[in-house]
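Structures incoming, each one as structure tokens.
Below are two complexes that have chain A in common, paired first with chain B and then with chain C.
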Partner chain A sequence: MRAARVLLRPVGFAGFGLLTLVLLAAAFGPVLWGGRAAAVDTGNLLAGPSAEHWIGTDNLGRDLFARVLVAARLSIVLAVAATAISLVLGILLGAAPMLLGRRLGRLVTSAVNVLVAFPGLLLVLFFAVVFGVGARGAALAVGVAGAPAFARLCHTLMAAVSERDYIAVARIAGVSRIRVLLRHVLPNVAEPLIVNATMAAGGVLLTFAGLSFLGLGVQSPSYDWGKLMQDGLNGIYVHPLAALAPGIAVVLAGLAFNLTGEAFAAVFGLGDLPGGARSLEEPREPVAATPAVPGTVLSVEGLRVTIPGPAGPIRAVRGVTFALSDGEAVGVVGESGSGKSLTALAVAGLIEPPVRVEADHLLVAGEDLMAAGAHRRLGTSLAIVFQDPMTSFNPAHRVGPQLAEVSRFHQRMGRKAALARAVDRLRAVRIREPERRARQYPFEFSGGMRQRAMIGMGLMGDPRLIIADEPTTALDVTVQRQVLELLAEVRRDTGAALLLISHDVSVVTDVCDRVLVMYAGRVVEELPAKDLRTLARHPYTRALVAAVPDMDTDLSRPLAVIPGLPADPVHVPAGCAFAPRCPLADDHCRAVAPALVAGVACHKSTEVPV
Partner chain B sequence: MSTLSFHDVRVRYGSHTVLDDVSLEVADGQTVGLVGESGCGKSTLARAAVGLAPLTGGQILLDGRPVPNRGRRPVQMVFQDPYSSLDPRMTVGESLAEAMPERLGRTARQAEITRLLALVHLDAARAADLPVRLSGGQRQRVALARALAARPQVILADEITSALDVSVQGAVLNLIRDMRRDLGLSMLFISHNLAVVRYVADHVAVLHNGQIVEFGPTAQVLGAPRHDYTRHLLAAIPGAVPLKEQT
Partner chain C sequence: MKIPTSGRWPRFALRRAARLLVSLWVLVTAAFLMIHLVPGDPVRAALGPTAPADLVLARKQELGLLEPLWRQYVTFLRHLLNGELGVSISSRLPVGETIAQRLPATAQLAVAAFLLAVAVAVPVGVVMAMLTRRGRGRRTELAFTGTNVVVGAIPDFLLGVGLVYLLAVQTHLFPVAGRDGLDSYVLPVLALAIGPAAVLSRIVRVEMLAVLETDYVRTARAKRLTSLRVHLVHALPNAVTASLTLGGLLLSSLVAGTVLVENVFAWPGLGSSIVSSIVAKDYPMVQGTVLVYGAGVLLVNTLVDVVLALLDPRSAIGES
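== the complex of A and B ==
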């Protein structure tokens, strides 16, 4: 399937087409035109182009066009052989740290690093002299000279793979180093290596032509394109085609290799999302904007988030409606793929095309986020805390100025005033010695401290709503508690509302007033946080709560599990998305999706014993 | 199954001491829970037992003899991230076969793969699948089956449920308890989640700054902790004590 995608691109099509021609010439050239290329015609020495000899003859009257075609085999064979030598040597050198152990491996790696620093041509000339003049010497020289670059590439690729746990597992299982290399490492680095080798072959072809041209490569009576160019050079002013034609052949063959490599790289690398531009949604009736209810900081109606995917659009959020009053704390729980994080990101206005956000209305702090430019007007009334505090700060800037930037941008504060406020806010989130900490870089902060600083950044303005997406998932329990306490304190001091996204039911019940339970892109239940463990009515909510062991779980019984797999977001069933896993589901559930009525979206909610 | 014991194990990276004279015993047929914050050395202890982390001092013994750290280890490890612990290019069956101690014939190998998959409640047809077709929970079961394929004497489970969704976590924890009951596995179960450890472990060791600060039967350590740090950990569990705003 991927190979087919290579051909579908113009680059891939052109590359493959050229490559096929070049390879055909290399395979059959000597057979078909070998006789013509060797036929001496003393009556036609150094002739120009004619109907009989398309690009003329050489100093023995041999047909140059046939010679160019025949030379394809030697040129291509030499280029491929040299690339193969580079590749094999490169893999061996690159794998040295893995095969030889740490100390010897480091020595080899340093040597490779030194060699990579030498200009390639210098190495080629050096090795060409060492291995001697001629086709074999040139192939060895070019191959060996290309090895360091491949070694560096292999080393980097392999280092990434050998960090993976399956390598450790294989070693623990007693698989030998060589077998680990052959079975686990090489197959997983093969794609980028092949792509690079294809592109390198194009370069090598050129290098060969250069060597032969300089007289260091192929020697008479053999000839490759470089040799033909050298021969044709003497008469370049009389009939230039004699030198140009082999040159054109080099260019075409090089292009063939490079374009093919490019096409492979594009497909095996970061593939784009097909169907990204396609319209995904059926047209819908325009909805009259509902005016904001006073005292409501967030009001979402019919929120839909759609991600274009290779197997069809993924409808990750399918019509979510909820509202937050001023100062309220609402939690959103659900498993991965339930759409909870995308809901938060959509509310924060942080989703970019090709992912599509649609809503009947989406009001944050009185601003309609579906209108253009709303995000900027929103200014600092929205604060956001992400899961990974390491990636939410720019690692190259000090923490204080990063906080200060918010006030300088949104509140037009001066540099000094903004920095003073940043220090004050760091103090407010209980970071000790805020003056000193403000001058430090994010990596000098611990995970919990970074998360506090992130909250501090949200407090630079005057937030009415804090959106926290799994703010404590990356933190230890003890630090998690401190961050949750800080969030509660911030809410008390500023009166901001909190939208807390978490997979952890107990975190949400600790912090929030109200909980939304999401499954397959919909809210399936909405209830007060204190009732989550005891008064839930939706079978999914009850199963979710029961599946998590706590400090009072009955040890004599197995944990409750939810049978089956989460709904596939590409093919969400027509009826209730939870029906395939639900013990209460009947045909009605499978056919008709239940609406969220009185806090629960379930046809059977009245049958669930409370 | 056998007894795995750590004697004054010390691991240092440069001047940084990760483990400081840790002594711990995983007795025959027991599941010992190891809890502590990230960075306290939990994973390093497990990695040291299979030769993935070099010891600076001390010994790790299996039934009184040093654990070999070459070739097939009698101690097998299951890792946290099921997306990193299976080779994406090997089918489930190939991964399991690679870990088997002896080379089996085709039919014997198939039978063994089926047996292992049944142990972790997976269908035998899964053997032909590549990991990409499996969910996180299914991958983690394959990882467990692969550890069992090596016929280990002790299994080290390093945070094996923390990358999984809660509904899947329950199934994996049930599996661990089943396997211990049916196979009499000895296991070192590492987790930062005290409720999870309470559910699967007979004994609990609390690791703090590279030292074991408390060790004992699970009910005793989690029910009546003696060390301040254990109490601190227990108090931090969400829902344990109402949140207080900092003063």
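== the complex of A and C ==
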């Protein structure tokens, strides 16, 4: 049972424990200590703590410890009553749109919205005037004042539920509004409501203590914790515990409700985040680092990316080796989860702990990324285009300054000069009216325009390498074409190399010179882009290419798919990762992982009919 | 900040002003109706059962309670526009005068506490986010959220009592009560600020953690800026915008929180006078104070929305 899990959390355990104690005190306090709390001892007025009176006595010599325990009942009962009033009124107001129809409901909702803007205490004071001073008036005041917040919550929750299909079905079936509310809506919002009511009860308890403390709540001779504090405050010089002890009781009781509510919220809602970084050290085969060949803009050897997970580390990239020469365009293709995007991010040096990046050798745009201090120079020599242009610009800054920042920071340009360059770069990526556009915020740009601006940002420096991670995936087809053409044009103009990550085989064959095919964190085949469709030797590459329909595809037959599921990155098989899905696999394939030899990592590559 | 020429800003201003006016109208009407919602005879209740009947009648006449309701409402609105808030039943002084005398003390307290809360919460939240990001610093995180929940659960007036005990009664560092010199501000401002600072720093941390995982922060890192610049220039404004919405609520509850704290410290502000006038059933005085507090809260909310719109222009187009 989920509720039982609450007790397993430290917060839930503490909350429940406290709540049980508080409720026990409320239930049995007046019975057990009522006598002591009322016993007047004129020989012991305003006494300090002693063995007989643990926290001393009040101005009539009554035992304060007993009084604090006895006050629990009134404090809790009043708080729960006020919360119940808030909850019932809140549900009624929140359900108004459902019960009263659209127009009246809207009126109620906007009234609630106006009321919610006022802090609770102010509403409490207002209603305290109306309902009068005293315990009953205060309970009504606190209850009514809490209703708008509950109404807002109910409204939001119910609005989400009432859009679901089964509510629509019930309505069409002619079920009455009240019945829909009681049978279908309320049960579905009960959980968050109860959690919130529990937490609210803690707040109400404190508010009530405040009211009694002000003299607006419980009146003599009755007393709750707030009243005890009010009585104690005057004597704080002589007898500070008299004011502090009921205060501590209030805080503990408030915490009891709060923590219990939060523990329930945590169990009902989000689970724990994946565990923290554990040690991921694993044996690595020593590889002799080869010196970089001149004219190489990117050189990667034995790149490994490991993500800590609750079920053990996920080895997302398992030893990838490749290189790009100056001006070359290389595509990386593979299914989702093949590790291609992580490879790109690792190469760009943008992966943060706890995800771990290791490599025997990682040289990007002439900088050894494994060495310290290399990153900064990449600001101008490496351009990156991300997958989702809608989220890759900072919404709080204008587009122009976001571009200009590169030059201001790396090339020490002044504000004006940098902005002028930004406008120039925006023009270079074919953004119309670049002066006006530079002054706009990203949300005023369309997706294609943002992606072009992102390329423009890469052109602020003098890039030797452009890494584009699925740059066209989030765009529609006509815009995709424009962005790809722009990338090609930029390469022509700057001579930069391009590392293009894509799941789209046709995009890669159009743009790139060479293609790396990745599967389960490894490069399984490397070949010229023009040979991808015809000369691929790895069974995975062939299946991938076959899965792309073209003009000659026979549409009367089902489209080709790759059978099976991509390898589970937590449990990568010992042998070839593709073996479980491969029609040619034998026991050798399942036992021994093939190395990348002569552009292909497959034991059966010679058997594949070309 | 330069304001773009497009129609976005006028529309935002119009919508926000309309909302403020409607809220103000609701407030004024509620304050007017308050005395009429009181069960029984409010004037009799205020003057006590021993007051002679003709005095009650004369007071009613004076308060205009014998007229038809709509005319009372019109008179009330007209007086309000002239800045007249009526005369206190108990002190016989104009309510407006008393409020004008006491408002500054309350406003100083609230503003000082808010500034302190923000000044503490934002750096603490940001630093905590950096220290506990992505499962790092588990123990720091536990200690932070733990103390935060406990501190946030202690109401401001209790903190006030605790502070008085520790720093005034025990150590005589600060005066116990009253408003006299700068050091008398320390304890009430602390009592008001600690709770909101705790809540706000938790919010700032959570928002900051969320913002640090966004694509645009990755873009900023791709520009190879310094970590400080990434955090302060790219992440913080976005985290603050999100925190500000809740911070605004906090500020308005802080305005109301002055009521309790003023009573702990015998602060000569509006908070102590509203309580005594509620107890004394001095309705014109309560009415005036509620109006001032309510208007203060509404102005704060509007101000927060405007700042929010300047920081994050998207919020200016969003439907309210």
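One rule holds for everything that comes next: the second predicted complex is superposed on the first by the 362 of 610 C-alpha atoms of A that agree within 3 Å, B and C clash if a C-alpha of one lies under 4 Å from a C-alpha of the other, contacts with A are read in each partner's own complex, and residues count from 1 in each chain.
Here is the rule we use: contacts are C-beta pairs under 8 Å (C-beta built on N, C-alpha and C of every residue); 3 or more make two chains touch, one makes a residue touch a chain.
Fair warning: this is a prediction, and the values are worked out from it, not measured in the lab.
Novice: Under the stated touch criterion, which partner chain does A:Thr391 make contact with: chain B (first), chain C (second), both, or neither?
Specialist: The second partner, chain C, only.
Novice: State whether A:Val129 touches chain B only (first), chain C only (second), both chains, or neither.
Specialist: second
Novice: Does the superposition put A:Leu244 against chain B (first), chain C (second), both, or neither?
Specialist: second
Novice: With the two complexes superposed on chain A, say which partner A:Gly120 touches: chain B (first), chain C (second), both, or neither.
Specialist: second
Novice: Is A:Arg9 in contact with chain B, with chain C, with both, or with neither (first, second, both, neither)?
Specialist: Neither: A:Arg9 stays clear of chain B and chain C.
Novice: Between chain B and chain C, pick out the one touching the greater number of residues of chain A.
Specialist: Between chain B and chain C, the winner on chain A residue contacts is C.
Novice: Following superposition on chain A, which residues of chain A contact chain B and also contact chain C?
Specialist: Touching chain B in the first complex and chain C in the second, no residue of chain A appears in both lists.
Novice: Would you tell me which residues of chain A are touching chain C in their complex?
Specialist: Chain A residues touching chain C: 111, 114-115, 117-122, 125-126, 128-130, 132-133, 202, 206-207, 209-210, 213-216, 229, 233, 236-237, 240, 243-244, 247, 250-251, 254-255, 258-259, 262, 273-277, 308, 348, 350, 352-354, 375-379, 382, 384, 386, 388, 391-397, 405-406, 409-410, 439-441, 443, 454, 457.
Novice: Could you pull out which chain C residues touch chain A in their complex?
Specialist: 4, 22-23, 26-27, 30, 34, 37-39, 134-136, 138, 149-150, 153-155, 157-158, 161-162, 164-165, 169, 176, 214-225, 229, 234, 237-238, 241, 249, 252-253, 255-257, 259-260, 263-264, 274-275, 278-279, 283, 286, 290, 293-294, 297-298, 301, 311-314
Novice: If you look only at chain B, which of its residues touch chain A in the complex?
Specialist: Interface residues on the chain B side: 37-38, 50-52, 70-73, 75-77, 79-81, 84-90, 95, 98-99, 135, 143, 146, 150, 165-167, 169-171, 173-174, 177, 192, 194-196, 198-199, 222, 232-240, 242-246.
Novice: Can you list the chain A residues touching chain B in their complex?
Specialist: 164-166, 168-175, 183-184, 187-188, 335-336, 430, 476-482, 484-486, 488-489, 492, 503-507, 509-511, 543-544, 547-551, 553, 555, 558-562, 565-566
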